[in-house]
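Next, two complexes with subunit A in common: one pairs it with subunit B, the other with subunit C.
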Partner chain A sequence: MNKSTSQRLPPLKRNWWLKHRFFKLYMLREATVLPLVFFILCFLAGMVALLQGAESWQGWIAFMGSPIVLLLNLLALAASLFHAATFFVLFPRVMPLRIAGHSLPDKAIVAGQWAGVVAVALLFFWLLGRGGV
Partner chain B sequence: MSMNKHDIQHKQAFDEPLWWGLFSAGGVCFAVLLPAVILFIAVLLPLGLLPAEALSYERASSLLFSVPGFLFVGAAVCLPLFHAAHRLRHGMFDISVGNDALNKKLMYGGAALLSALALGLVVAGFFS
Partner chain C sequence: MSTEQISTNVISTQSASTKHISVKRYLPDNSTETYWQEYDLPVDDSTSLLDALNHIKEQLDSTLSYRWSCRMAICGSCGVMVNGIPKLGCKTFLRDYEGDIRIEPLAHFPVQRDLVVDMEIFLEHLAAVKPYLIDDNPVKPYDPNAPETYQQTPEQLERYKQFANCINCGLCYSACPQFGLNPEFLGPAALTLAHRYNLDSRDNGKKQRMAELNRHDGVWSCTFVGFCSKVCPKHVDPAAAVNQGKVEAAKHTLIALFKG
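So, the complex of A and B:
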């Protein structure tokens, strides 16, 4: 959308989205990136620590275990799942899939994407759940 | 309609497909990859629920500072950063914070800078 068109409309008040549940959910979804950015900054700090040496790496793990950091990252986990729930339902609308002339039901496409989430988690479990290789 | 007017109308939008494309790709990574990444690295690891050697200094270094590690950082850090930048920019527009032309530069510029830093760290670790 061209943002300059807004100049021709009466300006909205900043709290316009508080007036309807749909818009509140929209804003909540926009806000899912705030804890995401927090996690990414933590991750970047971890990469720096890893580059610095073993002691820094242990220090970073301890930092990640401090209650506020852990809480914010749990929020990021919840945000990623909420984002996933809203994002997956868009796929069949944006790109409906047809196999052999039959359109794939929306539910199947959404379920397929959740299967992807589980597959990635299983990959991580295979990689990290069994100790050193 | 004169050619000039047509140009002005579309001048601002020529780069938008790029931002929407990065937003979309980052959205897929945020939804499919990040739940597992956050669960294992930011929850199970600090709580001591992973086997002791799973992400020891040596193992974490060899996993991250590698070609797969580079691709992982691209998918788990860089693309989600552009997704976040896009949502933040539009969210700020929605609640009339700042000015969109400046927000756009700050958000996408910040995402690009942090992405370059993240990929640079992997490369630095790979050669150290």
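So, the complex of A and C:
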């Protein structure tokens, strides 16, 4: 077939991801970074406030307690859990683990990762609880 | 062995029902514009999309162009978009569709005519990753007393077997937005085949392939959208292979760094 009669396709439009549920879910996964950026900025501001002294620290505590900040940080928590859920499922496909020549079942790897999350969360609750006493 | 249903039927004209399908036409000899053409077909429970296209070609409209060969999901030539999703015509059954059935040529490839696309760039990407066994040792003459050349254990086979099932149908390229945005991206099937040969115990070509894999248009253009694996008719899971390739590429970079 004569190449010159080929129809060149226009490049993908910016809204390509709106065409399919699967792509929307992918963009949602990628968008979880936005509330997480907000959380990281809050966290960094807290560090700076801690260095600046007691007054600044109290100001930061008040800021973190305001409803809108609380809401955004709850959103960040939900976003990070959602991202973790998608990432944990992908992990065994990217890094299939083999022990003594046998590959570990995907479900075991996913469960292991959630166990890790629970362990880290418990460690922090314990540390924070101790700090409060 | 696969026991998946494949299309072998000739549609009887006394079928129970008819279905309406729209096909995106492109006839560059007549016009540079595409247009939708509607067809009504007799269908039964076993009518595949490929049967339907054959029925159109033979009974209704001989000007329709599309590719097909084996009718059993192994030649990989009858890929089309069905309602925006890349599918093999022979493995898609009209009984699974209610309402609109819109057939278009595979996305992200230049269209030559109707449902026929130009797959040149895909073939170039395949060739670029050297998808064949590369052996540093020169081929020895066959020695019946020591026929151990290329022996492989079942465990060694298992490591790459899944990735060897690719039929080069190109559905994953139509599913991949990164390939749609940048046709220079080597893409799912080529990167999967590269990984398949890198995993093969008989192969020594990993170093040569890494140069292609470990660059922006190689594995690093993949953002793990994962739709390639959803549409793959042979369950190859190209997204897994590409991302395992990232791990290998990262290792390769680190090792090269320490070697100086």
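Everything below uses one rule, namely that the second predicted complex is superposed on the first by the 120 of 133 C-alpha atoms of A that agree within 3 Å, B and C clash if a C-alpha of one lies under 4 Å from a C-alpha of the other, contacts with A are read in each partner's own complex, and residues count from 1 in each chain.
Convention: contacts are C-beta pairs under 8 Å (C-beta built on N, C-alpha and C of every residue); 3 or more make two chains touch, one makes a residue touch a chain.
Keep in mind that this is a model prediction, so the values were computed, not measured.
A.B. asks: Thinking of the overlay built on chain A, is A:L104 touched by subunit B (first), by subunit C (second), by both, or by neither?
C.D. replies: Neither partner.
A.B. asks: Check the residue A:L123 against both partner chains and state whether it touches subunit B (first), subunit C (second), both, or neither.
C.D. replies: First partner only, subunit B.
A.B. asks: Name the contact category of A:L71: first (subunit B only), second (subunit C only), both, or neither.
C.D. replies: neither
A.B. asks: When the two structures are overlaid on chain A, which partner does A:F88 contact: first (subunit B), second (subunit C), both, or neither?
C.D. replies: First partner only.
A.B. asks: Which partner chains sit in contact with A:L9 here, subunit B, subunit C, both or neither? Use first/second/both/neither.
C.D. replies: A:L9 sits against subunit C, while subunit B stays out of touch.
A.B. asks: Which partner, subunit B or subunit C, touches the larger number of subunit A residues?
C.D. replies: B
A.B. asks: A:W17 in the overlay: touching subunit B, subunit C, both, or neither? Say first, second, both or neither.
C.D. replies: It touches subunit B and subunit C both.
A.B. asks: What part of subunit A is shared between its subunit B contacts and its subunit C contacts?
C.D. replies: Dual-contact residues (subunit A): 3, 11-12, 17, 30.
A.B. asks: Can you name the residues of subunit C that touch subunit A in the complex?
C.D. replies: 26, 28-29, 32, 34, 84-85, 107-113, 116, 118, 155, 177, 180-181, 223-227, 230, 237, 239-240, 243-244, 246-247
A.B. asks: Quick check: in the complex, which residue numbers of subunit A touch subunit C?
C.D. replies: Touch residues, subunit A against subunit C: 1, 3, 5-9, 11-12, 16-17, 19-20, 22-23, 26, 30, 90, 93-96, 101.
A.B. asks: For the complex, which residues does subunit B have touching subunit A?
C.D. replies: So the residues of subunit B in touch with subunit A come to 9, 12-13, 27-28, 30-48, 50-57, 59-61, 63-65, 73, 76-77, 80-81, 83-84, 87-88, 90-91, 93-96, 100, 114, 117-118, 121-122, 124-125, 128.
A.B. asks: Quick one: in the complex, what on subunit A touches subunit B?
C.D. replies: Those in contact with subunit B are residues 2-4, 11-12, 14, 17, 27, 30-33, 36-37, 39-40, 42-44, 46-48, 50-51, 53-54, 57-58, 61-62, 64-65, 69-70, 73-74, 76-77, 80-81, 83-84, 87-88, 113, 116-117, 120-121, 123-124, 127-133.
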